[in-house]
Structures are given as C-alpha cells and as structure tokens.
C-alpha cells in the first residue's frame, strides 16, 4: 500500500474529487502559489493540475474566504476553502457559524450549503498561541456544522472525500504534526463515512476516547501498558459531529472505565461532551471515575520545553489510566 | 437612456405594493399586536429596491439585509408567503423559522437575508463568484446600509470583488442612520461611495428616492459586470422615515428632518412624473393602489388562516440528508 | 430593598464604577444615543450623566470595538464595551480570544488587560437564530478569559462591579429575558466575587446546576417538586470561569444526583464540563446517571411555538429529575 | 524640513543594528539550526521601522506584526532580551512564551506584536484612544503589511480612527508580497494609500527604502495627530528581499526583481548620503558596524547562556492576580 503523510492524503482526496466533480473548487491564502514548495502539503501541485480558475489564491481575508464558500455553495458549487490556522477561524466564524450553519435552517430547508472548511491545527510547530489553538469544541457546539478530525492519513483521505460530497458545511481539521509521518493509504478510491468512530486498538480494561493528533499518544501508551498486562481500547472518534455515541458506549460497557484524551485545553473542551454522554447513557457500566488528559488551561507557549509541557503525552495518559484501574 | 413605460410602471407598482405591505405590517404590529419579534420597515426607501430590481432578470440574484421587505417584493416574492413568514406561520417561505428578519426566497433568486449587519456582501461575492465560475451571464446585487459599511466584512468583500472582477453590484442604502447613530456620528466621510476607488470599482452616487435613477445606475452597473469589468458600488442617498424598528420612538431624529424627507417620498414622486409624462393616469394609479390593497389583504388573510408550525418541526431542516 | 430589572442593576453598577474610577469608559453601538428610550436597558441615561468623552457610540464594527478595548486596557483604562447580541461575538472573537485573552501571557505577565465585554444573550425575543445563540461555551474554553453569567439583578450588579475592577478580560453575559422582571437589589455598594457559585435553593435529593436565565426555570421546577416531597438543591454558577467546583461537588456529595440545566444547545455546551468535573472528582458520590436539560441541537427558530419549544422549561426539568430519583 | 545630523545617524545606526541582528538570525536559524519555530526577517525593509521610530519619543507607542525585529530595535528594545526571547529563553522579554513571533516590549512602549495579520490596527486604535482620553500628547504608530490591508479589521480600525480623529499613524509596509501572493494577485489597486480618503485621512506614499523620507512623513503625521487632526495613512513602498520566512524558497519571486531591489538597499543608501553630506565618515560607518556586531554577539551569548524557562512556568501569566 502507498505510504503518505496526511497532507499528501488530503492532496489525493482533493485531486480525486476535483476530477470527479467540476463544481469543486479550492480557495484560500496560498492554496495555489505557496511559500511551501513541499509535496507533503495538502494543496501542493493543484494549481498546476487544475489551473487558476479552480484553485483560487485569495487575499488575506478570512471572512471573505468563508463568505465566498457560503455564497458559492448556495449556488450549487462545492467549495473547499482553507483557513490557514485554527485560531484564524475566529475571523471566519461569523460566516461559518451564523451563516453556513444556519442559512439552511433559515430557508426552511430550501437551500443547502455543501462546503468544506479545511484548517490546520495543533501545537508542536513552535509558533506559539496565535497559530496553535485547538478550537474544535467551538464548531462542535454549533448545530448545522459537521466536524471531522482524522487521526490517520487513510481516514483523512476517505473522510475528506465524504465531506466534499456531503450537502452540509463540514469543518475539516488537520493536525499539522500528521503531515510528515508516512502512513498506509489505500490507492483506490474509497469513502469513509462521517459519524463513525473506529476502534483503533481493541482492549478490555479501559476505554480511551481520542481524536486527531492524540491517537499516536494513545497508541504509544497502550503499547506500554500492554506490557504490564493492561489492555487499553482506543476509540478514535474521527468525527466529532455527528458523534458516534454507540461505539463509545459499547466500549465503555465493555471496559467500565473511561479516559478522554485531547490536545485542546481542558476546561470546556470536547472531552466534557464525551463525559456527559457516557454519564447519561452508560452510567450503569462505569466502575471508576473519569480521567481527562488534555492540554492545560493555558495558551500554547512558544518555548520548546513549555510547548512540550503543553502537549499531552503517553506518560500522562498512563498515569491517568493507572489511577482508575 | 430612456426607460420604457413598462419598466416605469413596474417600478411604481412594486413601490406601491411594498408601501401597502409595510403600512399594513405597521398596523398589524403596532396597533393589532399580531406579529411577534422585531418589525423593521423601509418606508420611504422603496425607490432603492424597486429601482434596482427592475433592472434585473429573474435569474439575477439579490442578497438582502434586515430591512428586506421592499427588496424581496420588488424581486418578485409572493406576498402571501412573505406575509405568512412574517407571521411565523408554517406556510411562510421558510416555514416560520426565519420570521421577518431573515427571509430566504431562493425561488426568486433571493436566497439569503442576513440580519448580521455587513454579512451580505461576502455571501454576495460568493454568489457572484459562482456566476462567474459557471459562465452565467448573471449578476448579484447586494443591499446593505450606511451602517454596514463600517463592518470589516464589507471591506473584505469589496476588495475580493474588485480583485476578481466579479459580477456583483453593491448597493449601499444610505438612509442617514445606523440604529440611533447619524451618519456623521458613525462614519468619517459623508459619501461612502468615495471608498469604491480603493477597490478599483466605480463609486456612483444616486438619489435614492428616485427610482428611475436607481434603475439606470443598476442597468449600467450590470452592463459593466456582464462585460467582465467587475463590480460597481452604488450609494443611494435616502432617508429612514420610520424608526430603526417599530419599537424605536425616533427621539433622536429631528421632526422637521423627517417631514422634509416625507415630502420627497419616492412613491408620489414617480407617480407624478409618470402622470405628467402621460404614462399613467390618476385612475391607473388608483388601480395600482387597489390591487396592492387587495393583494395585501389576501396575504394577511392567508397568513392569519395558516397554522403555526408544530413545535417538533423545529427539529427539521438543520442538516440536509 | 429596591426592585430592579437586571438591566437597571447593570446600569447602577456602571454608574457607580464610572463615578469611582475615571479610567472606566463605555463603548459600543448605541450605548449613548439608543433606539431604546427605556430605563430598563443597561446603558440608559449614561450619556447624559457622563458625556460623550466617556460614553462612546461606535460604528457597527465589532472587531474595532473589541480592539479598542484591548488597546485601551493595555494603557491602563478600564473599558466596558458592548457587543449587542451574543452571535455577533463571532465578529469580535479574534480580538477577544487571540488578543485580550493571550496578550498578557505573550507579554510574560508584563501587561494586563482589564476590560469587560458585555453581551446580551438568550432566546425568547422572537428575533431568531442570528440574534439568539448562547455561546458561553466558546469563551469558557479560552484560557485568559473570565466568564460571568448572572441570574439575578443583585448578582449582576455585584459581579459587574467586580468584573470592572478585575485586571483580566471578563466576558459578562446578560440574559435579555431578565431585563424586565424587577428583583431585589441592595441599594448600597457591594462587590460579588467572581468564582463563587451560590446555592439559590438548598435541597437534599438532587443537585441542579444552572446559570443565567435558566435559574427561574430551576426554581419553578423545584417549587413544584417540593410539593411532591422532592427537595431540589439549585446551584447557580454565576461565573463559569473561574468555576466553583467546590460548591458543585459539595452539593453532589450531599444529593448524589446531578442535572445540568442550560439554555445553550446541548452538544458541546458547558454542561459537559460540569459533567466531567463531577465524574472526575465526585464519582463516588453519584447514585444515578446524569441528566442534561438544554436547548436542542438546532438554531433558535423564530416562530413562537418553536421558540418556546427551544427554550428548556420546568416540565422538562421535572421529568429529567424524576428519571433519576 | 532639514533633518538633524543626530537623527540621521540614529536612523542609520538602528538600520545597521537591525541588519546585523537579522543576518545573525538567518545564520542561527538556517545554518546553525539553533532557533525553533518560524523565522521572519525584514532584510531590506529597515528604512521603514528605523525612519518611523526616529520620529517618535520613548513615550510614543508602536504596535507591530510578525515582521517585527527592526521595528522593535528601532524603538529602542534591548537586543539581549529580544535575542533571548527569539531563542525562547527565560531571560527573553516575555520569558520565552512569545518567541520571535509575538514579542511584547511594554518597557519601550511596544506593548503588542500580533501575528494575526491585520490585528494590530484595532489594538493601535485602542492605544491611541487611551492617549486621546488621557490628554497625552502622544501618538501610536501601527505597522502592517500590504497583505494585512485586505483584512476587515484594518478597515474597521481606520474607519474608527478617522471618525474619532485619533492620534494614530498607520504605516503600511508595502513590500510587494503577502506570503506567496504578489500585490497584483491579492489587491485590486496598486496604491493602498488610495484608501485613506475613504476614512477622511491623508494617504501619503513614500519611498520605503529611504529612511529620511519615512522619518519626514511620520514627523508630519505626528504633528497632524497632535494638533487634533487625526490619523494618517503612510504607504511605504519597499520590497521583501528574503522569503516570507526563512523556510520559503522564494521560487515565485523573480530573481532579477530581488537583485534589482537589493541594489536599492536602504542601508548603503543612507550611508552614502550621509558620507556625501559629510555627516559621517567611512570610519564612522565601520564603527557602527563594529558596534552592531559586538552588540549582536553579546546578545547571542546572552541568549545562549540563558536557561530555558521551566516547563511548569508555562502555567504562569495567564491571569493577573
């Protein structure tokens, strides 16, 4: 099987969908001519392949980029727009939250807004808190938006293709740390459905629910714990909205123990939603308190030792798991 | 440019209809208390929507804002479904989910009304981009206020439209007020059209109480857009004769200013012109008023007779399947 | 004691603080000359009392309003700015989230940003989803921001005064539905500390954690349930950040049962955070599953029967409580 | 206006220092791999920050952006604490929390560096408002790029500044590129200063490689601001000789364009002028270069010798007590 970084997998999905459907176009800052000349990046080479009428470099105008997507989607196009880094979503948020997410409802179901907003997220790039700020909890709280956060290159490819074909606005969040590690990706065309979590590792003793860049941390911890005889089951959500409650609840029913692992800051993070769902619908299975392993409630610091301190790691996860088994 | 008698009558008619529609709304809201929520009227500004929409084909698109009734009626919306929506009834154009503030009427290519001030222009830019992308010979008209011109989104939209030469026409309805703030209190310049040059587009100022003048400006802008020369900014100078909404006591608006502008009311103005030119007779105008009254009566009846949506239907229409 | 609507209580707090400290100024759309000539509104009469140099009507420019606050606060002023309705926070969110909340951290603690952002929130005004959208979960998820959501006029007064004197950015969210119901408010000056929840009704059988406009719903339900012999304890958070975990946990330790009640939509709402905290730190006390009574995951519809359907009510709360006792 | 010899030498000095500082950064980052994160340099644009800051008093304020080193050094920042911050060390001006991208140096009245493009202007407006509110005779200078001019926040800020006649000077450093996008690809007009009129402020275009010209424009803008006449927009035409950041291969920048602009480098240009005028000798210049080299060496030594902050200190400085 081919091995691709997540950026390349995204690139492949974009190419396939653009070939399939002439209504798909791409817009954003540097999506065509880029300061990166690096095939690991998601939009590499698209301008050469599809030309400037479908690969649209924009001014530095996040609200206009998002508005472009909203208006074009209403007209039946399938925009895939890029907001360069998650914190800049703030600048596009009125267009996405008050418009992309609501205009279908406000039309009484007459209009549809088939658009995808791609964003890079994640700490670990040494760029500090105005570039690294995981805000998936914001979009997951807005009815009308779907939210996808793949953890593997293969999922990224299949989910992005589904997102582009979906008739609803989808926020597609890519962890930059995953761009550079080659992972197996099927060559052929496939769609990964949104709304289905995946058990990335089966286990019996404790359920770890995670997504995006943290899957690797969970896998590393599970590996180590396995050597101590602790079998961790890892649920990779893949999409936060729609949320696959069934998979989470079935896993907790089996293990009786839940740890949520996410990179975003703790308070108000999407981990709370997982906790609430399990406490509502899986309470009788619970044998131990919840643990959340998350970024601390601070902005992401620039200094390397502090940035590492910010990012949740396998040791913390192991400690958390040991507290409750 | 001479404007055909048909066009002239069309403008007068949609103005008369809008006025009747909104006068009725005022009554329904303030006297009869039958309408929930805010009530935002464009009384005295009808020349803008009616003049502009007369220059459009059904396939052209408009994007409007909180003060939308005239724009939508002029674009050809069915008064029944608008009225029912304003009543928040199930038969409304959006099944009651929008109410008066965000009516979406995609069937007449008025797919988006945003009450977020300044949000229309970026969406209009997207809609116009789709027209360009598909090679349609169509334009998108975006209505917004003098207040909206202060929003960053409007700047971003005009910048992008200018850069990509999009077939979009920005119509800034300068009615002197943004909420309770007079133009001088919320804008550093009196002519917002001065900004157009900074986006490489013509900035045209027209008398916003003169429907044919608005029509003409839009026809020219449309020609420009369709020849690939990009967007135009048209500032229509008009006046908000009523309050921001019907709950606004207008305590900050000088009474004589209001009455001076009422003198310049666009409806009798166009009526008189057309009568003087012999395009219509007094009886023709009376007939228009009668027709408008009948349509609005019918719309109110339709709305009143319609059921509310069921509570549970609120759960529908969030996602497309 | 004087009886004031929450708008009047806010007004009183603003006046007192403006008299006390010349660095306090107010800015926003229509905070001076307003389309409302109604003494129940928070900024009524301030322009007459303090003049246009301290009561600043602004253009319709939410980003500039927020930026004004950030820059002026850094210079030692104490801006109290208004974002008219919660959904318009999106437009100010870069300034608040990436700047007000982070610039102190980015300065290494050198600068402070003592500013207050007041916003109206809440469904029930018939204006639909672009005016009614409760987004407190967004700001509660951003380290560096404090978040206040009073449920009574008296709390609003005391908390706003504390917020204005605090050296950090505070998001102060007022539920419009509370502007018009007169409630007792002490005449004298007092400060209500941020970070302290209040037991608004003691009880032994179930803990209801709530805030802002939903307190009334909780009280009504508790009243009715009391007649059936069920004693509900109502914890009014008052501030979401800092969160008073102690009061929540002590209550759950007593009752063993938790219902969270908020008006915001369910998925990703701040109810999840409460659930997580209790599941982490109060698990051993829990006798029953969690219930959340919240707005459904839809935009707020305009039509009256549907808007009523959106807003959580006492019957729903009673049903939820009965499910777990 | 004649510019004093002192001022001239000050500008040349801060340019020389900035250039040495950034040349060292380039080496540290690209050759030695000692610096984490992005590295964004202003090589060739130093006349803007050095010219502008020479016109300011210590109490005047600057707000800067991702390309900040020259602005901060010209305003008087201590090279040691800047370098240590760039190394993300504990002795850096922000204890390593900012790194190179968002250095805040309130002690020299450079309290805010935002890497969110376009975020500086609204904050500058707030800072200038405080100056006006307190009756200080001070100005705030805000540096931003040609790319930033497309952001809505910049429009909102200029609009408010124009309306309230705030003592703010907007300096748009037009270096022809925003990321990989050339001006013609991201802006519909070539002169961004054309927009100033729409905000009721003068729009001045200066040669951004001519430090005394920048200085003069800022002196005039400052006089205007201090007389209560409000803001000025100054567009400095310059060029980004290096990549957007040091990881950028500049594949989209024509080589001859780069070399043509390198010919116009502001440092030798001012040096030659001052030597021709007899203000400095070749030896004086050599002395400046030596001093700059020594200072930068010392800064690097200071930074390298400094410890990293402890991981746990990351938990501090979120809230003021």
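Observations, loosely collected:
Labels A, B, C and D are assigned to the chains in the order they are written; within every chain, residues are numbered from 1.
In the analysis below, a residue touches a chain if its C-beta (ideal position, glycine included) is under 8 Å from a C-beta of that chain, and two chains touch if they have at least 3 such contacts.
Bear in mind the structure is a predicted one, so any value in this text is a computation, not a measurement.
Contact with both subunit B and subunit C is made by A, D.
Compared with subunit C, the chain whose C-alpha mean position is the greatest distance off is D. Centre-to-centre separation of subunit B and subunit D, using mean CA positions: 45 Å. If each chain is reduced to the centroid of its CA atoms, subunit A and subunit D end up 36 Å from each other. Taking each chain's centre as the mean of its C-alpha atoms, subunit A lies 40 Å from subunit B. Note on chain placement: the centre of subunit A and the centre of subunit C lie 30 Å apart, centres being C-alpha means.
Within subunit A, residues 58-59, 61, 63-64, 87-88, 91, 94, 98, 105-106, 128-130, 143-144, 297-299, 301 each touch two or more of the remaining chains. For subunit D, residues touching at least two other chains, in rising order: 95-98, 102, 114, 116, 150-153, 156, 159, 163, 185-187, 318. Taken chain by chain, the contacts link every pair, so each chain touches all the others. The residues of subunit C lying in touch with subunit D in their complex are 25, 53, 56, 58-59, 61, 63-64, 66-77, 79, 94-95, 98-99, 103-112, 114, 143-144, 146, 167-168. Remark: subunit B residues 150-156, 159-160, 162-163, 185-189, 192, 194-195, 197-201 touch subunit D in the complex. The touching residues of subunit D, counted against subunit A in their complex, run 36-38, 88-90, 95-102, 114-118, 147-148, 150-153, 178-181, 185-187, 243-245, 247-249, 251-252, 308-315, 318. Across the complex, subunit C meets subunit B through its residues 29-30, 33-37, 57-64, 87-88, 91, 125-131, 296-299, 301-306, 308-310.
Interface residues of subunit D, counted against subunit C in their complex, comprise 63, 92-98, 102, 104, 106-107, 111-114, 116, 119, 121-131, 133-134, 140, 152-153, 156-157, 159-160, 163-164, 316-321.
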